[in-house]
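By letter and in written order, the chains are A, B, C and D; residue numbering begins at 1 in each of them.
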Amino acid sequence: MWIGQGRKARRCYGFDEVSLVPGTVTINPEEVDISWEIDGKRYPVPIIAAAMDGVVDVRFAIEMGKLGGLAVLNLEGIQTRYEEPEEVLEKIARASSEQATELVQSIYLEPIKEKLISQRIEEIKKAGVPAVVSSIPQRAERFGKLAEEAGADIFVVQATVTTLRHISSQYKSLDFSRFCKQMKIPVIIGNCVTYKTALELLGTGTSGLLIGIGPGAACTTRGVLGIGVPQVTAICDCAAARDFYYKQKGEYIPIIADGGMVRGGDICKAFACGADAVMVGSAFARAKEAPGRGYHWGMATPHANLPRGTRIRVGTTGTLKEILFGPARLDDGSQNLVGALKTSMGNVGARNIREMQLTEIIIAPSIQTEGKVFQIQQKFMK
Amino acid sequence: MWIGQGRKARRCYGFDEVSLVPGTVTINPEEVDISWEIDGKRYPVPIIAAAMDGVVDVRFAIEMGKLGGLAVLNLEGIQTRYEEPEEVLEKIARASSEQATELVQSIYLEPIKEKLISQRIEEIKKAGVPAVVSSIPQRAERFGKLAEEAGADIFVVQATVTTLRHISSQYKSLDFSRFCKQMKIPVIIGNCVTYKTALELLGTGTSGLLIGIGPGAACTTRGVLGIGVPQVTAICDCAAARDFYYKQKGEYIPIIADGGMVRGGDICKAFACGADAVMVGSAFARAKEAPGRGYHWGMATPHANLPRGTRIRVGTTGTLKEILFGPARLDDGSQNLVGALKTSMGNVGARNIREMQLTEIIIAPSIQTEGKVFQIQQKFMK
Amino acid sequence: MWIGQGRKARRCYGFDEVSLVPGTVTINPEEVDISWEIDGKRYPVPIIAAAMDGVVDVRFAIEMGKLGGLAVLNLEGIQTRYEEPEEVLEKIARASSEQATELVQSIYLEPIKEKLISQRIEEIKKAGVPAVVSSIPQRAERFGKLAEEAGADIFVVQATVTTLRHISSQYKSLDFSRFCKQMKIPVIIGNCVTYKTALELLGTGTSGLLIGIGPGAACTTRGVLGIGVPQVTAICDCAAARDFYYKQKGEYIPIIADGGMVRGGDICKAFACGADAVMVGSAFARAKEAPGRGYHWGMATPHANLPRGTRIRVGTTGTLKEILFGPARLDDGSQNLVGALKTSMGNVGARNIREMQLTEIIIAPSIQTEGKVFQIQQKFMK
Amino acid sequence: MWIGQGRKARRCYGFDEVSLVPGTVTINPEEVDISWEIDGKRYPVPIIAAAMDGVVDVRFAIEMGKLGGLAVLNLEGIQTRYEEPEEVLEKIARASSEQATELVQSIYLEPIKEKLISQRIEEIKKAGVPAVVSSIPQRAERFGKLAEEAGADIFVVQATVTTLRHISSQYKSLDFSRFCKQMKIPVIIGNCVTYKTALELLGTGTSGLLIGIGPGAACTTRGVLGIGVPQVTAICDCAAARDFYYKQKGEYIPIIADGGMVRGGDICKAFACGADAVMVGSAFARAKEAPGRGYHWGMATPHANLPRGTRIRVGTTGTLKEILFGPARLDDGSQNLVGALKTSMGNVGARNIREMQLTEIIIAPSIQTEGKVFQIQQKFMK
């Protein structure tokens, strides 16, 4: 479509603009298979807890692992900066809204302690569950080594925007191909959103890709930087890259939708767009086990010079088990995410994630229409 | 339209996005014919009360029947679980918003009593009006038989998503064709939204189809499961299936739009899209005769593990007669639904429902625009 | 565009979705000519006050006439039902929001007094200004005659939806052609919105057409009946009919955009779409001279069985002169409507209304976007 | 696209409807070059403070100049009407919302004093920074001369809508070509939005063009006059004119996006659309150095007869230095505008503004969707 003289732009879509179509065949939800595979290993729950300090600590990672999912511990967060993270987390929870961003900025000035990296990983491994940890590209070589030695199962290298070709004369950029080769454990790289970059990153030897840049309404990347690709289009495009790579090289590398999924329905749509797994933050921040005590903040919040997110109150609504498997006591799609996914797959007639990726999607915006406003009025009628 | 590389999606439309065009001929509203026919029997009012416990009980069904419409009694609800439903309904009405979902969940744990099925139907029949009852497919064979024996006039088999081909190794799926053949009273099947599934279901020997999956803003199916097709497109598609079936087999099977209609205008649009009748819930929950006492909840609300709806307060605004035939004392389109339909048909120049189905529809989104916000400001000006 | 299988719909546009493009030539606003002509007579102000009881009474019509505009007195309203309308209007203004619709309904049960028709028209004529009056088609023959005899200058026959071919076996429909021929004063007919109906009505001998069915957000016709065509498309279509009629018959019959214009910008857009004049209600209801005392209600509000509008509070913000010519003390486009039109015409480079009708229009929705919400937040910052 | 019979309209886009796509190459933000050039002179910061009385006075212009940017002093505002502007500004800040528009109207009735023009320019020049000043076309010849003599560096001729061909029989329009030739300092002309007008104005000898008519949600030009072109399309179109002019004449004349940018992201998008620099008002009104004391009003606000804007409270959130360079203490994109631009350019892989102008833009509306409303609900959960 033309946006101006000599200038074309492609229309992209977000979760709120699409919907899934029921199948001509339906399946008993109890009988659908939602497991996924990364680097030859199969996990029962395709929902990953994001590397955010209000979501994942050692205790949370252990509980998540026991329930069949994965949780990523941020190696550059509070857990590796502080021996006693509890009191720091308490402080964040008790701060007023006005102080929150500044407080978070100051807390992250404390240097990372390398021995805490090993210690946290060992604490998770002791419980017999997978340990997944993350860092930014600049620290990946050092922290990747430490993580590997401490027994981590997967290493995530994550930046807001990751490409194979980062230009800087001031520092040396991470050579992703060399890094993946060096690492003895699987590496997940992110985030990216375009077909071309996804294809390039798939060629590095990575075991998985994170898809999503500025998709969520909570994240302010789009407002601050003007950058962001809505998740439906981003996932479809990167899934096309994964499928093309698979056709060329015979290797199927899973893509993980990261960000912008606030309810069960959004997760279902992410799979329908082509995701192999999803990474979720705020939904898990509401768990009793979440270290954030009902608060949640993105990893761009502590940025010293240009914070792009703030601490938000999400509340604590149930245990992690309830959020994953129900029973739901809220009807808003924020609990029993696995049950929602299974029911959705049953209704569209998908026996497993690969079939779910082929579900028919329609464009059906759920904007604030007259009728909805009317209905809201009714709700608040006396 | 392309939503991503290699991925196309169709644009679908909801009631709030379309509008009807006045005709070049207009008709005196008093002289239009709104009656509809199912299984050879003609009913004067093409508006059916939905099988919801806050809407239909025996008393409501009788009043509705006397006014020329149909009301569906849910055989799996409070009326067949409790000898004395009044006190249970009172309890729901008195519960706080926080307790409501859990209370409703617990109330529906009480087993269904088969003798109450017969009793309720007989109570309705005693008043000399049609008895229409419903169950989910799993219980249709048993309850269908009981209903038939008790003298029911129509049996509705209803699930969120119904297809001819349901896959399960854990239980036997209902064989709709055999079921329709066995039943001596007309059967209505639902819900579906696509051309293909509608066509398959029409071939079962059913007397009617319910159209609508996750269309309403009040229903949270779309948020929880990501599934839903806006009603304008769903009705148009299923009407095309009905017309094709009629051309092939010579049998005209009515389709009933179910859900998403909050005002008279929405009902008018449903007919213009091709519906033969409409099924309405919340509008009738506001009647003095409604058992919900001004409260309303969907049949997905009591779901033990994944509730998809909650109890909402709709208020009591008039008698059922006033809601159907006026005089309206509210100007919001929630009263005098029959009068609105007749006036609309007169203005577009449709002498009967079949002509109304051919009315010109335009796309004219009623989004919350600047001008409307401005107007709302004016309204609240001192 | 396809809205469903075998079903196409045309995309229509409203004022909030379009905008005007500045010209490559601009003109000193003082030097543009905004006058318009009907039946050979030229009027300096192309803005007409609508036939609504909260807007026009004798005093208002006189003031409007003196300022160069026209105001339509409703012959079926309070002014012709009550000898002393002031106390009735006072009652409406003093009613609570809950009572308003019912009170208005009851007030309009009082029969129309024919002698008041003559009396009101004579009162207006005594002031030396044009008297314009209106009735519905059913009463047009009788009231038209009375109006003519009393010295009225223009007679308006107005119904929500008017066509040449109204079908009824219960009463005789008005023969518009015969009526126009009988009347010795110019007749304006309305309302219509489509090319075909406009063309048919233009052939009746009418001197003007009113364009607009259910366009305004305040009017609830679209919610109640599902009917309505957004004004941009309606005006463009009917302007095309007018131009075609002119080409065929050599007679230029003006079209008057009626409804949906809440601000100066909307009025400017109506002319750009092809209107020769505009008819405005709520903007004038805010005048000190308006009989509504800061309240406003549509002529569908008193409908006994199906009211489609309610009394709304608009407030009193200035004199009629200020609303028409400024100085504006509000910056929201509700004052100095003539100044706004002239400035707009100057900026797009239109010397007169005919040139304004050729202005370039763009589609540029002014939806409630993120940026606007952000800006509103800023406004309310402490 | 068709908006009505025989009537086509082009779809135009605003900032909120588009987004930028991350590059396949990324760059260290510290290493991107954001400088821009006008009339052979290069400035380090491509963000200009708008000629608004709540934003720019002598002190602000000096601080802006020291930080590498430009600030335009309005020669027709409070600074040249009052010897002691501080008390006048204090009065505006202390006025109630109701009085504000009328007070501002009255304050601007005070005549402009020519000696203050010279004095203000000299005060700025004394600090060793560039002096940029503005007037409307009617006063450009007189004030341009005064400004030149007083040592101004750039003269801006600005009106809401500027064309080469202004028609008036009452006064003589400014001959832009002659004016640019007479002036010894560079001239910037504005505002325009279309390809054709931009091309005509580029041929006058101007050194820069201001792009933007009625784009901002705060400005009420669109509501009052119906006129306005969304900035994305306006900038793309005028950038095409600039590029065409450059190809024909070999002269590259920068275009400056003016208005509608409320956050860092909007500024980034303006450059991606083709802007060489941006002009910003409200973001700077929030600076401690801004004369408005946390208040902001447009230059159309004091219009005696047709005000198109009002005084709004924006608050004071940091120093000008913080707003330009951070550290940001707000995460909403209103602080560290330069940091945001550099980070955005790094992420899309643009080494300088010229490369930024080629960034891929997508259409991705950020409307108030269901998901966002849901998220807002979460935020306010207890």
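The rule is simple: contacts are C-beta pairs under 8 Å (C-beta built on N, C-alpha and C of every residue); 3 or more make two chains touch, one makes a residue touch a chain.
Note that the structure is predicted; figures quoted are calculated from it, not measured.
Participant: Same or different interface residues for chain C and chain D, judged by whether over half of the residue numbers are used by both?
Facilitator: different
Participant: Upon optimal superposition of chain A on chain D over Cα atoms, what rotation angle is obtained, reported to the nearest 5 degrees?
Facilitator: An angle of 90 degrees brings one copy onto the other.
Participant: If you average the CA atoms of chain A and of chain B, how far apart do the two points sit, in angstrom?
Facilitator: About 38 Å separates the centre of chain A from that of chain B.
Participant: From the mean C-alpha coordinate of chain B to that of chain D, what's the distance rounded to whole Å?
Facilitator: Chain B and chain D have C-alpha centres separated by 54 Å.
Participant: Touching at least two other chains at once: which residues of chain B meet that condition?
Facilitator: Touching at least two other chains: 10-13, 223, 233, 263, 266, 332, 366-368, 370, 374.
Participant: Any idea which chain A residues touch chain B in the complex?
Facilitator: 10-13, 18-28, 30-31, 195, 232-237, 239-241, 243, 263-269, 272-274, 326-333, 336, 339-340, 343-344, 347-349, 360-364, 366-375, 378-382
Participant: Okay, in this complex, where on chain A does chain D touch?
Facilitator: Residues of chain A touching chain D: 1-7, 9-17, 101-102, 105, 160-171, 192-194, 196-197, 200, 213-214, 216-218, 220, 222-230, 233, 260, 262-263, 266, 282, 301, 304-310, 312-315, 332, 365-368.
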